[in-house]
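There are two complexes below, and they share chain A, which is joined by chain B in the first and by chain C in the second.
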Partner chain A sequence: MHEEIIHTNNTSKEKQNYTMLELGSTPAYGWPAFKQVVKRSLSRELFVGLWLTIKEMGKTLFLGGKHTTQYPFEKLPISPRYRAIHNMLRLLESGHYRCIGCGLCEKICISNCIAMETRYDENQRKEVSEYTINFGRCIYCGYCAEVCPELAIVHGGRYETASEQRASFSLFDDMLTPIDVLKQQQEFAGFGSVSPNADAAIKKTPLAY
Partner chain B sequence: MDALVIGTIIKVVLVLLVVSALAGFGTYIERKVLAFMQRRLGPAHVGPFGLLQIAADGIKLFTKEDIIPQNANKFIFSLAPVITAATAFIALSAVPLFPTFIIPESLPLIGGAIVPSVIADVNIGILFVLGMMAAGLYGPLLAGMAQANKWGILGSARTAIQFLSYEVVTGLSVLAPIMLVGSLSLIDFNNAQIGGVGSWIIWQQPIAFVLFLIAGFAETNRTPFDLLEHEAEIISGYVTEYSGLRWGMFFIGEYSNMFTISILAAVIFCGGYGDIGFIPGWLALLLKVVFFFFLMLWVRASWPHIRPDQLMWLCWKVLMPLAVINIVITGIVVMI
Partner chain C sequence: MDIRENRAQKINVTIDGKVCEATTDDTILRIARKNGVYIPTMCYLSKVEPIASCRMCVVEVEGVEGAILSCQARATDGAVITTKSSNLHKQRQNIMKLYNVNHPLECGVCDKSGECDLQNKTLEFGVNTQSFTAKDMSRPVENWGFVSYDPALCIMCEKCVRVANEITGNEALQISTGGYKSSIVNVKKDFNDASLGESAAVCPVGALVSTDFKYTSNSWELDKIPATCAHCSSGCSLYYEVKNDKIYRVTNDFEFRSLCGAGRFGFDFANENTSKDNEAFHKAITAFREADTITFSSHITNEEALILQKLKEKYNYRLVCDEAYGYQQFLKAFGSVSGESLYGANLESLSNSKGIIVLGGRINDDNPMVKYHITMASKRNRARVAYMHPIEDSNISNIVTQFIKYEVGSEEGVAALLANALLQDKELPQGLRDFLNDLDIGNISAESNIGEEELAALVQSLDKKEGFTLVIGSDLYNHPRAVQIAKLIGAIQKYSSFDVLLVPPFTNALGVALICTLDEKVGNYTVGYNAVGDFELSCLGEGDLDMPALNQQEGTFTTIDKRVVPTNVASSYNGYVLNDIANALDLKSIYTIDYTSKLPVKAGFKAMAFDELPFGFDIAGVEHRGYLLVSKPIKAIEIFEEIEEIPAYDGAIIYRCNLNGQFGMLSNRTKALKQDEIYLKGSVQFAIVSKISDGDEVEYIVDGIKYKRIFKLDSSLKGTIALHQNYDMGLSSTLVSSYRFSHLTLEQ
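Showing the complex of A and B:
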């Protein structure tokens, strides 16, 4: 199994070292077949199986070994790289939305699903008067979040997007962080960031091959 | 009216009600045990611990549309589930379930009635029970052939195969205990083992016990012999076209048969309802039946099922000779 295999030419069978498994021989006639049955019946194999299942039952019942995630009530954490329904973030200091109306996300959107209108407000600053994302067209590519100079539009983790109306998620105010939960606004970790449970999920890489 | 007659009627009603309820409860237990053995939860949302799942299933089965396929033989199609359910309950009529008890005189109407341990103490008890359970196989056989469905036909063919295979082993394996006890009545079997754990027939007839259990698994259509309706191979076999209440009757019949086989194994080999030390007889029988029922679920979770040809091979070439040898040895010992 551990012999070095030289992959110079995959089509030439001579250079590959296949390892055959020891499967034994299949008995062809009565007496060896009978002996095989006796061996298998009396060699504890059946009881090993029984022991395994009763052990798992004990673990499940008493040691909390259940693997079930009761989905609508419990959810598994998703990666920060996951690209679901967008969030519009606010400035932490003033609470004003971060979007400066530059229009880069609208320009870069490859499925043309972002529509925005801007105007100058009384301080001669850009103000976003209309901002919608057509989620029937959005392919969640993440270009809008990547191009945004202010980290104003990011992808959130809201992946349950069944709704009675198409417009349910798509208005600017729906995506904007509510002002009362501004303290809990999560900063976007950025593309390529690792999961919060990355350290726990890491495993030793088998190097044998 | 005669006290015994009233008692017998009470017993009949009790058995019908309790065993039908137990069949439903059996499905719940089966789902829970299988779930735990596979690290799942099983039914958990309907009622406390998912217990009302039985009621939910019952409502679902009762309110489903009753469908009879166009080309099916309608009479036999409707008759087959009744055969399975009825024979399962008729078989229970000769099985001792609990010790005989007398209803106290203080109760009105039924006071003083003697409720017998067995509904009908026929002197050929074992033959009757095994014969009735064998007749129950007409249910799957006719159901599969009447529904004009190729999977159903395959299911019936497998029913015939299974029937021909295990029935010999069942008969021969109980023959040795019958020779020891010298009676076919299950009451006599129970009374022969009344002297505590040491007098159980299982110690004298371990091979017969194992053979009987194996044949019982085949008789009740349980894994590893669940050939009749193995989903991965023949969709649902003989119940492919069945739904709703008719399907439910097959189900009740199957679970009643599981209880019957469990009780038979307990009464013939493991002392029946005799007291074990401080454990009263009715509780002892209940514990034994629960153990055998659990064994069926346990085996289902652990072992793969076998092919029809392997079942025939096993029954005819291994188990039957073993049973015959066992009978010969028992006969010699009894003669000496």
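Showing the complex of A and C:
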């Protein structure tokens, strides 16, 4: 079988619009190069740089201009969309946990790390009796927070996962907002949160009373 | 045969341009479904009569004004039917909107979510706005025991009420009407497990949900294991729903079949935490080498029964199975006259009957499925139901049209009288005719206490009807005169228009009767397989070697419908099984189910491998599960003996009868059905005759086992017969070789 081979020319014929910098000439041999080094080292510019450093050092030491974060005592704020160890939120009004035990997070979890058990409690409500996340398996994909209809499970900013025991973070009560700091609970703005135009998207239904 | 079928004529109708063949007795909806045309419904349930409360199934028929309810309307020849149009769609959409008025948006915590008809149809009809409204009201959740009822979720389709009336028949549920305030009320507080279970199964929304299952799992997380119920001989099809090796609930093809309370709620009888105990296994092998008898319970698969039979053939064991021996002998004697190895009727023919006689069994307690099918016949065909038994049963008074009481022990005479009455004007061979003519009717009537006029009334009530079933219960199988009774029943099967249903007394008793050659008496050293023995293999976890329970095995059962049906493993099992023992005793087979294809063809089985057995229903509701046994012709020998003198059963008598859907060792292991206190129940007369009173502790011996029971007066009972239950006795509950009635001898 005969095959025709076609060569295509990819080089563009258009002229490129480069701007050339005027850097002078680079010394080509020993003596001019030595002169350039001496000139640059002993010019005033060196002391301008040193002065800036001394000035900043003074500011940092005496005027409180320190920029170092004292990790782990201090942590930088991170984006609400950052996906770290999960938080379980509470209802601000009643303090009851928001989770309704629907099991969607367990189902959607692609690394199969969420396990929950629910039961019928005395008040004929659904109660979450067991809830664990295996952080050894979790890949922090955020699907659980996205699927949660109540925004009960969300990603927090706690990115340090060093602990003596793997179970340290993974129980429901550990992830739940402590009841005494309920007022500091932040509304989640990351994956799965209510979109800014949510109000506009609501359809009206009739109310006779 | 169904009369309606006889009258039905063949017609052609056109549904959505598709020409469908049908008969005049079929409704449009049924014709459409059979031909694969989809008509949406909310309240339609195939197994009951059309309810016609939802109006979703409306169709348009050419030349007929207005919409027609396809679930009720029968088709006429040449009808042109349209099931889809923009007008119909709008109507259906409006119905869905009405259903959604104030329906709580709690799908996230609703157990029905994922298998909810309301969810499906709301999405199907694109209901995304609501134009109707009603003032909402407080409707608290009610806990009815086995199920919880949430009126806020209820859409008043009435399916639950219908199944409780038409199928389980105890009329436990009623509608409290009141427009928007309508709700379902539970009027029967006791023994309602079957009705409640059925109603929860058919509930299209989350209004009725099993209390035990409620909020424990979402439906989509559960794996469905197709299996067969292990509790009684009906062998109902069900699905064990499993997650993480735990059975969460039992469901079934509720559109076409039902389950009793034990089948639905009594599923957790698996033998758990077992391991391969080598020491016990070697002891078992030694015991088998030493033994001359294997006793076993008929709670066994066909394959295991075959293994035992093969062991018998190889090592000459005696095979003793109390639960099936009487039945086997009865079936044999029955066949020797009827000329067929199997009886004629099945559950479906029973529910289509117009006349039913129940003889020798407390059918409501013995076999719920038989009772449900009698209920269906009674409610749909207005069938005549004659109930012949020494004890009246108030639980079935709503379906029994004639109660005929006879004396305990007089069953032979009763069978003879019945044969005489039913075969009066039939053509009979001379021998049988002479036998019937020679009967001393007056004497038998007097002894059995059945008036001639009672039987005459029975025969008269069946006049001009067709489709009769005679249901035989387990009182007769272990009767001292069982063989003669069986022959008389065989004659009724052969010469009258009655089809006989010999209700197998226990799970797979029919299978064992067909597969094994049973012996009556035990030898010196017995190995018991789920039965009492010197060395016990037990699925109850208390024997010398653990065995898997029936929901931990794969294999087949033989059901009352003469069907061989598969069952699968729902709960894992890590110990040894019977096949391991058989292999150690030189029967070579890798899996127990290798025996499925080797089941005896001579007895009516087919050489089908386990994996070829189908499971399920087609769209028209025809069951495709396993295969039907083939009845084999037997050479008929009609020799009847003289009726024996009827023994007198005076004084206090007890009747072995497990009440309220308890079936034996398995059901009492389950969380839902376990009873803490088991009573001897009797009437005031019984208390007087036996000189005991309510609350007394009594001790007595039946079948060699000593029972200690508290006596309880039961106002629904009459006469001097008390009901004795043995289901809590573990392996000893399989010792049932004697006649079900016995004298009460109190131990001091």
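Note that in this section the second predicted complex is superposed on the first by the 134 of 209 C-alpha atoms of A that agree within 3 Å, B and C clash if a C-alpha of one lies under 4 Å from a C-alpha of the other, contacts with A are read in each partner's own complex, and residues count from 1 in each chain.
Note that in this section contacts are C-beta pairs under 8 Å (C-beta built on N, C-alpha and C of every residue); 3 or more make two chains touch, one makes a residue touch a chain.
Computed from a predicted structure; not experimentally measured.
Of the two partner chains placed by the overlay, neither chain B nor chain C lies in contact with A:Arg166. In the superposed model, A:Pro149 makes contact with chain C only, not with chain B. When both complexes are overlaid on chain A, the residue A:Leu61 reaches chain B alone and has no touch with chain C.
Judged by the touch definition given at the top, the superposed model places A:Val37 against chain B, while chain C stays out of reach. Of the two partner chains, neither chain B nor chain C is touched by A:Arg137. Once the two complexes are overlaid on the shared chain, A:Gln70 sits against chain B while remaining clear of chain C. In the superposition on chain A, contact is made by A:Arg119 with chain C only, not with chain B. Residue contacts after overlaying the shared chain place A:Gly101 against chain C, while chain B stays out of touching range. When the two structures are aligned on the shared chain, A:Leu46 is found in touch with chain B, with no touch to chain C. Contact residues of chain A toward chain C in the complex are 100-104, 106-107, 117-120, 124, 126-127, 149-150, 203, 205-209.
Of all residues in chain C, only 108-109, 113, 128-135, 141, 143, 148, 211, 214-218, 220-221 touch chain A in the complex they form. If you check the complex, the residues on chain B that touch chain A are 33, 36-41, 44, 298-299, 301-303, 314, 317-318. On the side of chain A, the complex with chain B involves touching residues 34, 37, 46, 49-50, 52-54, 56-57, 59-61, 65-68, 70.
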